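Take a look at these structures.
What follows is subunit A paired twice: with subunit B in the first complex and subunit C in the second.
For the complex of A and B:
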């Protein structure tokens, strides 16, 4: 299946922030609204996989990841649609993909 | 973390003197042993312009050579030299918000002295940003972004590790706007009114399942997870009436309350990093 790519270090920032803009720059909520959600919608419409490359940033605060990926799962009220249509790459941090998957799966439990 | 209550009493004396705009003279001359966390706590407080209230902090240096060098380099008495990789003391930074640039800068400096090259430590970055963000909520209710955090990074050349000491002088973890509701509900549900138990619940991540209280904050559990994942070592927390040495799973109730939050961890050559 064809892919749409997001490389966060190039498409958004090398220094991701936390959850909300009020807490600091480059928040997860902004990444969700400006990049992740539109690209995901495009991927679904075009029947493509959204491929997300997490490498080459300083790291990812949990609240950034939860706001972005948990937020996307809350938007669709469904974790399955995300996990079915997204692929992740993280060589810098071996725990990152399982963390993101966890946030997606737990997003609608709250 | 050693003699915590004595250190906190001393800090309180300093704070009171600053409040009254009394001249402060810190006598360090006869000190022969001071742990890294106490050093950075003292530095963080004396370099905090809000706390010092415009009072110039003067003092003398320890006779002990190693301690003397640390304090001279730290600029604790306002004579900070330029940052240099050969020095123990690296930098102190402050802000009110979560600032990725500062975290990235300090990690690069730290990794340069530990790994001989500028590198990235995703786990430390994560812990720093979450600590900074928590400060936003450790202030008075509805005053998000009011409180300042201070971060001091210090290189122990003897053991070759870098200490990260993060301090905010807000209301503390257990009295924060995020936690107030949880603490009271936890107390009524479990029948325990002990912040040591609250902290254990928070860091274990059991909080939501045991109380069913919606809570989005994953900051503290994340910081604890960083220890388990070997992102850093020797993680310690002091907040309100709790002191926790998480590397040793020791939780102590303090008789003397610390007004704010103090987080401490170390990066050494065996911790996880990436180029």
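For the complex of A and C:
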């Protein structure tokens, strides 16, 4: 299956920031609205996999990840569609993928 | 291989000396009959004399070495967790979380993930899947700890840790530290 790639360090920032746009630089919500959501919609429309590369950044606070990936899961009200159409790469932090998967799964449980 | 050749040479030399003594200095009488119990005792003694220093001790040393490496890695992980705990305490005392503190905390969590991943790999290599439940519990606590420390409005310019968040952080930190201490005990007992 073809892939649409997002490399966060190149496409958005090397220093992921906060949760909301009013809180500071490079927030998860902005990443969601400007990059993640449009690319995910494109991937769904074109029947492609959205491949997200988390490497080469300063690290990800939970607030950023939850806002971006939890936010996307809340937008679709379904974790399954995200997990089915997304692939992740994280060599810098071996547990980041399981963290993100958990934020996606928990997003609609709150 | 050299060890076996040396052993063989020693047996041959010993036998030759025995025959030489019996032939040239017949001071010691030799019995033609062999007592089965004595022979068995001799064989067991030789087996133990060879097995203990060559195989058993070597195996014990190699296990001790592996355990030492794993324990050092656990202590390293405990130290990284302690750094996060201290930074959060410092932030609470100063009633602010500087950009430097935020980056240090996020960076520490990347280190913690990598240290834990190395630890899991080493433990699986040495002890197969015997400690799976302990490792799963530690992985879950790490996730919970990261969520508590870097969740909420973490990174916000006016972000502060509240006394309640700090208490929650302390509880999870001590649970994690306890689990890691128990892991050291379990590894040493294996």
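The definition used in the following text is that the second predicted complex is superposed on the first by the 110 of 110 C-alpha atoms of A that agree within 3 Å, B and C clash if a C-alpha of one lies under 4 Å from a C-alpha of the other, contacts with A are read in each partner's own complex, and residues count from 1 in each chain.
FYI, contacts are C-beta pairs under 8 Å (C-beta built on N, C-alpha and C of every residue); 3 or more make two chains touch, one makes a residue touch a chain.
Small disclaimer: the values here were computed from a predicted structure and weren't measured.
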Overlay on subunit A: subunit C relative to subunit B, clash or fit: clash
Subunit B versus subunit C as contact partner of A:72, first or second or both or neither: neither
Partner chain(s) touched by A:58 [first = subunit B, second = subunit C, both, neither]: both
Contacts of A:98 with subunit B and subunit C, given as first, second, both or neither: second
Which superposed partner A:18 touches (first subunit B, second subunit C, both, neither): both
Doubly contacted subunit A residues - partners subunit C and subunit B: 15, 17-19, 23-24, 58-64, 66, 92-93, 95-96
Sites on subunit A touched by subunit B in the complex: 13-19, 22-26, 57-64, 66, 92-93, 95-96, 110
Contacting residues of subunit C [partner subunit A, same complex]: 102-103, 105-107, 109-110, 113-114, 116-117, 139, 142-143, 146-147, 149-157, 159
Subunit B - residues contacting subunit A, complex: 97-101, 103-104, 107, 120-126, 129-130, 132-133, 136, 144-145, 208, 214, 216-219, 222, 229, 274
Subunit A to subunit C touching residues, read off their complex: 15, 17-20, 23-24, 58-64, 66, 92-96, 98-99, 102
